[in-house]
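Per-chain residue numbering starts at 1, and chain names A, B, C, D and E are given in the order in which the chains are listed.
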Amino acid sequence: MTDTVTATLPGPSRPAGRSRGAGPGERGLPGWLRWVAPIVVGAVIVVVWWFWVDVLGTAPRMLPSPFAILAEFVKRWPIIAQDMTITATNALIGLVVGSLLAMLFAGLAAAARPIDGMLAPLVAALAVIPIVAITPILNTMFGASSQFGRQAVATIAAFIPVFVNVLRGLRQTRPVHRDLLRASAASGWQTFRFLTLPTALPYLLTGLRIASSLAVIAALVAEYFGGPADGIGTAIATYAKSGRAALAWAYVLGGILIGLVFYLVTSLLERLATRRSPA
Amino acid sequence: MAPRGSEVRRKRRQSELRGWIAAGWGALGVLAVLALWELYKFVGPAEGVVIGAVQGQAGSGVMILPRTHDRAMPHVWDMVARLFAPTSGGDTPPLWVSVAGAALVTLGIAAIGWLIGVIVGAALGLVMQRWQLLEWGLLPWIVVSQIVPLIAFAPVVNAIGNQIDRGGGTWPQWLSVAVIASYLAFFPVAIGMLRGLASPDRIHLDLMRSYAAGYWPTLVRLRLPAAVPHLLPALRLAAANAVLGAVVAEVSIGMRGGIGRMLIQLAGQASSDPAAPWGPTFGSIALGLIAAGSVALIGLGLANYRRGEAA
Amino acid sequence: MTPDVPDQSERADAAASAAPAVRAAGVSKVFATKTGDVAALSEMDLDVAAGEFVALIGPSGCGKSTLLRLIADLDQSTTGTLEIFGKPARRARADQDYGIAFQQAGLLPWRTVGANMALPLELHGTGKAERSARVSELAELVGLAEFIDRYPDQLSGGMQQRVAIARALAARPKLLLMDEPFGALDEMTRERLQTELTRIAAETGAAVVFVTHSIPEAVFLADRVVVMSPRPGRITDVVDVTLGERSEALRESPEFFDRVTAVREALHGAPVARASES
Amino acid sequence: ACSGSPDASDTGGGDDFEPITSLKLQLQWLPQAQFAGYYVAQEKGYFEEEGFDDVEIIPSGGDIVPQDALVDGDVDFAIAWVPKVLGTLEATGVELTDIAQVFQKSGTLQVSWKGDGITSVADFEGKRIGSWGFGNEWEIFAAMAAEDLDSTTVSITTQDFSMNALLDRDVDAAQAMTYNEWAQILEVVNPDTGQLYQPEDFDVVSYEDTEGAMLQDAVWADTERLKNDPAYADAAVRFLKAITKGWVYARDNAEESASIVYDIASTAEAAFPVGPVHQQWMMNEVNKLIWTGADFGLVDKAAWDKTVKGALAAKNQDDLELITTEPADSAYSNEYIQEALDQLKEEGVEVSGEYTPIDVVLTEGGQ
Amino acid sequence: MTPDVPDQSERADAAASAAPAVRAAGVSKVFATKTGDVAALSEMDLDVAAGEFVALIGPSGCGKSTLLRLIADLDQSTTGTLEIFGKPARRARADQDYGIAFQQAGLLPWRTVGANMALPLELHGTGKAERSARVSELAELVGLAEFIDRYPDQLSGGMQQRVAIARALAARPKLLLMDEPFGALDEMTRERLQTELTRIAAETGAAVVFVTHSIPEAVFLADRVVVMSPRPGRITDVVDVTLGERSEALRESPEFFDRVTAVREALHGAPVARASES
């Protein structure tokens, strides 16, 4: 169960599978298509969406036209930005704390099999707790008027992929490297610093990348189930339920933007770190 | 060569033993958490520890240690005892029976959601691997799709379902839940399929080409088998995601009968009956573990396709 | 793809036994890469007679693998014509005129030894009964009869390599293409497989194009050793070996060392600009 | 043509339309005694008596908004709070009509600990106030606006489904419905006394006593359909007749009605409600909100105007307003309920009156 | 760990130059595995003099790597005594008396060429200035002066192997342990590195224990070729080479072929039971 999260996106050690996997006749695609293709697909999505909502008019009312959303987003930017700050902060705190905890526990698990064995079912369980269930519990334990519950939910969400990946990364040191350090009479700490840590780094960053958008989603969804009446999630719920679909979706857009920023930043870090990972 | 039969048997016994040891440590881990819970509940302050609180300002300060009173942290034995008390007073069935029933309902829906997710995800993975242009065009949006909060569009799916239902088609509410669950489930499958199909070594692709094997024979005999090690974890993650998605969807669109609905229903009595909400909470965790675990069983049947993994 | 002899397959087939196994005329290959064009092969001419055993040797990066891949139609040449038994390479591939083996055995880990050997037959619709008969035959040939139901990870490197050779032979090709198939083996195993390969080649009467880095290996195996220059690959020398029957004793004979020295000198005579980089 | 003309529904079978026999009613929350009248009508066969052979009562919870379900045509009638619907009407430009105002009074309380000095809306300033959000917060803002209080000094905490936020002092004053959350607090054991908390332990601000009071549970119908579809207008009257009978029965048989709802809700499908005693309390309190002496279900113009005024004045934490213009006249109509009441009176049903509260002794957990 | 000479390091250090680089006496190694014990080495006796170049050759699995790992204190012997310059192996490791290079270069991919070479020095607290001076020296020695700031993935296999050798030399060990360091290289590169290695060994005066599968390589490099039997490893023969100065011409000389033949025969004289399996 625990290794599943890593499947979400390519692990660090694998070189891009594409160049080798390309089917015949697919090799010669010009590079600019890499950028143009997603833009075209995005445009198609928007046009279909717009056509469905504004032209056919058969879309459900809670799905407004993309242009209405955009207009609302621009118009209400000041309050959206305010709520984005709150949710983004919660997600960031969750991401940082969750990752630190995950690194700590993964370190312990890597150091001692028994700890690994003891943590395995707990991590597996943590990975399948619905936010609906955990948020009220955390709010009661830590106070419903602080952002703590949301931050804790984001922490849990971020913890899982980072833990799984770091634990895996800590186990990836290659025998030849371990022998090398031992032959150089390196101390335990030196081995950790010179070998174990750098080996695990790309895995950590893969975990971070997966964790980043999960933390945002978790922080946002947690707002649905209690806590201070602020943030993206609260606003989405409030306005979706009062018939202001466009405003609600403008907030959704805000949430997507936070998630994208988190994802892109961590992807960039990951790319930097995987450049020199062991082949 | 040593007699193979005994070797195999010994190996099996060994792995069984290792399984038991792992299970033992796991049980110890769970027990440790329960013990810690009770220990902290015993020594910790009822109102928790707050730093930086401003007098007379509710909710100020940062709580660094949680509250330990019974509403925040019920005793483990109270939670267990509550499972055997009537769900809702009177002669309603014991809580655990209701939880199990609700969990089964959700499991069934999640299974359908998983299936939809697997089909859609596998299809996306296939076409993205086949045509690079599609990968470039679709993959970023597939990633973005997962950043859209489920609860934002769950009502949209529900409304579309109702539209269809009214328009003469049949669209039961659980189908909306399944579709929403599949939204979380398809993602790992699409990615796993894409990576998996692209994972064969160059040498194997060359080999198939040297046999003048076209796309389909190559797919069936090489790419799909080679994708198995990528697909299995993806399918397991998809199962866990399908359950999480189904629970949230049930809550969001107000479907009755499942564990999601039970979660919010019993959360309503968290003040006066604090042990009650833990029943469906444990139920939903068990549900996720069962879902992921049963998919892991598929892996046993495909053991031959994972021979490459060890190497 | 060669432009000439486009679709005269019947005639070509009839002429196959007469035609050379491989005829490369003025074959060049240029790879377009991000950092510019790489000329891998330049104006290669090579004929391999039916049943002949030719070894290709040359410094790393000189285009040996490239040439083999062109023959196998795994890549297209930039210029020149390439004929396999008188047909275009593409057609030869479709007709399964050749079998190929690479440096790594490249077995499919999820298939048993037998199923791996049978793969080419399976892909071409050979019936089940016929397949299993052929597999027994092949397994016998490479000395793995007891291992048919094992999986590749239960075999040693040498055994895996033998499975790969059996697989290359499965469709009874008249041409075997081998790209450093023994590169990953230890010397002793390697020598054994070399002896086996000469036996098999003789038995089946197939022509062989064999890429290697090892001079003794080339000399031991081949009727002719083709020595190539560094990039862009060109043939600089052809050493005729003609040592008669391959036996263990041969490896210690003075004629053997003579040929080894001849190939060494042919190799070093070529400018070693490229090798100094690797 | 007849635009809900009273005569059309006389026999349940006019000449120019096929009478509707199957209906869907959308509730705004989980099955509980708050909706007793509808369940009683179903249980006691009142719907059949009025010519419906299939009435489906659909509970809500989660993100399903009753007025949206009604607009989308998923259901025929919906129970929803007036201010929430007014917001939707203005935001989306659709038309819905309040055809029966079931609850005549607001049941919302703001509960705080005795001694904290929050005894009136004026005391909210600078405090942390709990609300469920999602439209339940408008009475707070309306009440404050009416007293010219600065609502931006109030920080709102979204309450979850329990009352823990108050019990743990995470909020200074928590929102509670007289019939539900208020009882939930009183079903909790006070650790200091070992007994249940008592009403004396708390200060309670009742919005009914403030300018912020807004109309709550009402039956909403599709305005367009009322106008253009005589069958629908006819069904509306018959439907109102049936539920009036249901509520009348609940008034006269509170305990039995509570247990009817409890039994219906106590199935795995409906997902269990809070225990039987809690339902009795709820039944009792709900009856108090319905039976104010006036006829059942008539919209009181004054109360309506007060609601509209509050809705116009209130601004939320994002400084957005609920509505900016008066709702259309079609937003409520007493025409249908009046017709229903008239017919019922003819049939000898007592449709007005006071409610004599029963005695409910709360137990721990309401079980 | 050897039980004798437990803590006489000062004396041992003083005697180091006099003591043989390696002295193995009655060394055995049994691996306990899941499926039973595997005897990898049995009663090995081997002396390597200071400055001597010894090649170890033998069939796959005969325990060559195991012996090297015992010498390097990467594993503990089951019986027997092992002394490096008169000290226990463990102490020799702590004192960095040897440098080691493996079949794979084993460079740390996140470190530049220079940083990889400097790793042993960094681990033992050599100052920055001294480190960089030594790195320049080493890079010069292995012909990679221009590549100090590159990363391993930007180097060819041969260049990486040279970095690994430089790293092994970094702490100026008097003993070099090399486990098939050229196994992955092509023949030409391999020959070049062989020539370089003999030069470097001569320049630094280090003793070398060199494991290889290639007979010509063993003969070309070593003063003595130690031939081992299949598992459990035992020394079956020692071929003295003493061919004088290593040059390219040597490879084609009759004496060279003589020694090659001698080693071949010594190898094949050993029962080949194990090899037939691989």
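Observations on the structure shown:
Please note the rule applied: a residue touches a chain if its C-beta (ideal position, glycine included) is under 8 Å from a C-beta of that chain, and two chains touch if they have at least 3 such contacts.
Predicted model only: the values in this text are computed from it and were never measured.
For the remaining chains after leaving out chain A, touch-based grouping gives one piece.
The minimal number of chain-to-chain contact steps leading from chain D to chain E is 2.
The chain with its CA mean position farthest from that of chain C is D.
With centres defined as mean CA coordinates, chain E is found 52 Å away from chain B.
Spacing of chain A relative to chain D, judged by their CA centroids, is 41 angstrom. A separation of 49 Å divides the Cα centre of chain A from that of chain C.
Centre to centre, using the average C-alpha position, chain A and chain B are separated by 16 Å. Residues of chain E found to touch two or more other chains are absent. With touch defined as above, residues shared between interfaces to two or more other chains in chain D number as follows: 63, 65, 68, 72, 128, 155, 157, 160-162, 164, 168, 170-171.
Across the assembly, chain B contributes 58-59, 67, 71-72, 151, 155, 159, 163, 201, 209, 251, 264, 267, 270 as residues in contact with two or more other chains. Interface of chain A with chain E (complex): residues 174, 176-177, 179-186, 190, 194-195, 198, 201, 276-279. By the touch criterion stated above, chain A contacts chain D in their complex at residues 60-62, 79, 135-136, 139-140, 143-146, 223, 225-230, 234-235, 237-238, 240-245. Considering their complex, residues 1, 3-10, 14, 17-18, 20-24, 26, 29, 33-34, 37-38, 40-42, 45, 58, 60-63, 113-114, 116-122, 124-125, 127-134, 136-137, 140-146, 148, 213, 216-217, 220-221, 224, 228, 233, 236-237, 240, 248-249, 252, 255-256, 259-260, 263 of chain A touch chain B.
Within the complex, the chain D residues that touch chain B are 30, 59-65, 68-69, 72-74, 127-128, 155, 157, 160-164, 167-172, 184-185, 187-188, 191, 262, 265-266, 268-277, 364-367.
On the side of chain E, the complex with chain C involves touching residues 59-60, 156-159, 185-189, 192, 213-216, 248, 251-252, 254, 257, 261, 264-265, 267-268, 272, 275-278.
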